[in-house]
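Presented sequentially are two complexes of subunit A, the first with subunit B as partner and the second with subunit C.
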Partner chain A sequence: MNFEYTFHWRPVMRKLPDLLEASLVTLQVSVLSMIIGIVLGLVLALLRMNGPKPLAWIASAWVETARNTPALFQLFFFSFGLGAFGMHLTPYLIVLFGLTFNNAGYLAENFRGGFQAVPDTQLRAARSLGMSAWQSYTRIIIPQVFRIVYHPMTNQLVWAVLMSSLAMIVGFRELAGETQALAFKTFRIFEYFAVTALIYYAMVKIILGISRLIAWRMFRY
Partner chain B sequence: MIEIKDLHKYFGDLHVLKGIDLNVQKGEVLSIIGASGSGKSTLLYCINGLEAIQKGEVLVDGVSVHAKDTDLNKLRTKMGMVFQQFNSFPHLTALENVALAPKIVKGKSKAEAKEIARAQLEHVGLGDKIDNYPSALSGGQQQRLAIARALAMEPEYMLFDEATSALDPELVGEVLDTMRLLAEEGMTMICVTHEMGFARDVSDRVAYFHQGIMEEIGPPKQIFGEPTSEHTAKFLANVR
Partner chain C sequence: MNEPISFFSGFGPKDLWFLAQAAWQTLIISVLSISAGTVLGIFFGWILSESKIAGAITLGFVLDAFRSVPLIIQLVLFYNLFNVVGLAMNPFWAGVIILGVYTSALVANVARGGIEAVGAPMRRAGRSLGLSYLQTMQHVVWPIGLRAVFPSWVGVALGVLKDSALVSVLGHPELLKVARDLITRTQQPLLVLAVAGAFYFALSYPISRYAAHLERKWQS
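Let's look at the complex of A and B:
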């Protein structure tokens, strides 16, 4: 076998600041899609469980689609799909909407499991003290649900960070998109993607570390 | 006063309460005994509006519990409820468990709510467990916590739904002692219970429920000594 490739790391190292900056874009869009995804996921879960029929049906369709089709196709929907109807979103919005759609679907199922794990009698106890339904949910039920779904939620954030690399296909310059652009300019393709893989790895490790710290601070019981 | 008039309750086709008429006076301690499924617990849930009713009426101090325009959240602050399964809030400390409702339902200040909570925890003998989470409390302590939580709303009535049924036998005593203490302080109490000793010693009246009907009601001496219904007699013979 003829192995003549020589590694050139210097071009990558010169562009490292660009890569790190792009990784902040990755982080920003993932975290934002996660925050919106949590709110929407909560709403979807509640609608599926207690909502009026048509809304429950829409919520189910959302969850089913998000969980059972490729994430890439979900991104395509917000780019080419809406594009076909003359709606052209910016690459940033395409990625944000795509990730959020996916996150909300997965999180809704986590939340549903979480709600089912909190005994009904907790709600009765809260109501018997004169709390309104809203107070009972926000003060008693949802805090308990959050603890149950906390680790699955962390996993989803990690998944969102990794999934956001699909953004390069719709031309968004987050970490993967930036890497691709630079790599094809210099043809140090292997080197670029190797370094970027390490950056992803580090990001995920940092996220997991922080989430463990938060869990330790928050869940004292 | 709690007035129950011709109360009917169905779960689907199941007729759980078949026309209950009952008045409970201020300061009275009423124990409700009877086999499982006789409707005793359901009656408590109907009294504080956690269950809808299909016919009849429940009046608490003249206010109809199930009327559409009744502010149930406000009415419920008059009635504390203690459940079989403790239902302490696991994510809150003992103090927070008790202080939460006075703060968010009654609008007390944080400091006031804490003061009330501290006092009520002392009251039920949990003064040294203030910062513990429920997971660090025994069943008996959790149940006393639930009693303190209900008392913190300064209710005029206390409803006990088999408060000792889920406890290990050695922990039953401490909860019954707390209930006795409340009775001595003059609290109006309706206690669904399987503790015949408690029913006999503490209650002013005892009601026996049988298959959704209140078979008989009277002073404990009469119910336990010379029950008029053969169902009551049979039940008492079996639990002894």
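Let's look at the complex of A and C:
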């Protein structure tokens, strides 16, 4: 084995502020895609369970496509695919839409499982206490569903952060994209990606820590 | 459909065959890395379940790191590391090795869950009946644990099948890489993406249906 490579960490350390700034972009895009994804996922789950036929069918197609094709494929759809219709999104929007599409699909299945885990009698009991359909959903059903889907949701947020690294391929400068741009400028590819891996690791651990703290505060009783 | 463009040739039957070969590459990469990763992962899972504290600090920490760093970063990082230490290898094998290790990190968790699902009383009962440690593992833990975690294992396998698309960053002509190249040539992104997506769907959907079916069957 001929080991002729000398590691150079200084160029990476000099660019560390840039990487940390880019990691904030990563967090921003993944959290935003998660928030929109939760709303869309809720809508998809409800449509799939008791929406009118054509809408339920569209929701199923969305969920199955999101779950059965690679996330990168979905990003390609929003970059080249929409280009075919003459819609050229900015890299930021490509990543945001791609992640949101994927998150919504996975979350919809989680929500569906959550809704099915809450017994029907809960809804009937709420209705017979005189609550409107809206009230019984927002005050009785959804809080119970939320408790069930909380852990899958935090997992999905972690996945969103990890998935956002695919932005590197469609040319968006979040953490992975920034790393690639810097790495190929200096040819210190290994060093840059090693530091970036550490930053991702730290981000995931911080997210999991915070979510555990929130769960501890919220689900105490 | 007959567009008067001469620079780019349209999507033809040959390209369909080209995509099918690429789908075959995706399948081979996935099968190799899933089977290697499963064997390794079950071994790791066994270590994790048997050596609670020491295993969790050392092996558990390393495996957790593999799960907490994006696969695409791992691919670029280790592909370059192989080059750095003078073990240069082609993108295919580099992809299979990295994907296999990544799979093993995911499977280890599943396997540990399976072993723990069986529970100590059941294993003690096996040992009390005079079965050796290995026999208990083979005839008690394996059949019961497998049923408990098989659906999650299928979930991992499907995830890896889809994640194998990322080997395209190393330049191996798997399905998504070929699709991208075809888009550049044919300028028919929608058609090419639809075909590539259909291949992925055809690989993944039947397995996920089958897993859901098994899960329902075993629950009753």
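Here is the rule we go by: the second predicted complex is superposed on the first by the 220 of 221 C-alpha atoms of A that agree within 3 Å, B and C clash if a C-alpha of one lies under 4 Å from a C-alpha of the other, contacts with A are read in each partner's own complex, and residues count from 1 in each chain.
Here is the rule we go by: a contact is a pair of C-beta atoms (placed from the backbone, for glycine too) under 8 Å apart; a residue touches a chain by one contact, two chains touch by 3 or more.
What you see is a predicted model; the values in this text were computed from it and never measured.
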Report clash or fit for the pair subunit B and subunit C bound to subunit A in the combined superposed model. fit
First (subunit B), second (subunit C), both or neither touched by A:L129: first
Does the superposition put A:F193 against subunit B (first), subunit C (second), both, or neither? second
May I ask you to decide whether A:I206 touches subunit B, subunit C, both, or neither, giving the answer as first, second, both or neither? neither
Touching partner for A:V39 - first (subunit B), second (subunit C), both, neither: neither
Scan A:L20 for contacts with subunit B and subunit C and give back first, second, both or neither. neither
Counting only touches as set out at the top, which of subunit B and subunit C does A:A61 meet: first, second, both, neither? neither
Subunit A residues in contact: does subunit B have more, or subunit C? C
Looking at the overlay, what does A:M87 touch: subunit B (first), subunit C (second), both, or neither? neither
Quick one: classify A:I214 as touching subunit B (first), subunit C (second), both or neither. neither
In the superposed model, how near does subunit B get to subunit C, counting Cα atoms only, in Å? 24
Sites on subunit A touched by subunit C in the complex: 1-5, 64-65, 67-73, 76-77, 80-81, 83-84, 158, 162-163, 165-166, 168-169, 176, 179-180, 189-190, 193-194, 196-197, 200-201, 204-205
Can you list the subunit A residues touching subunit B in their complex? 119, 121-122, 124-132, 135, 139-140, 143-144, 147, 220-221
Mind pulling up the subunit B residues that touch subunit A in the complex? 48, 50, 73-74, 76-77, 79-81, 83, 85, 87, 89-91, 100-101, 104-106, 133-135, 146, 149-150, 153
Subunit C residues touching subunit A in their complex are 65, 68-74, 76-77, 80-81, 84-87, 158, 162-166, 168-169, 176, 179-180, 183, 188-190, 193, 196-197, 200-201, 204-205, 208
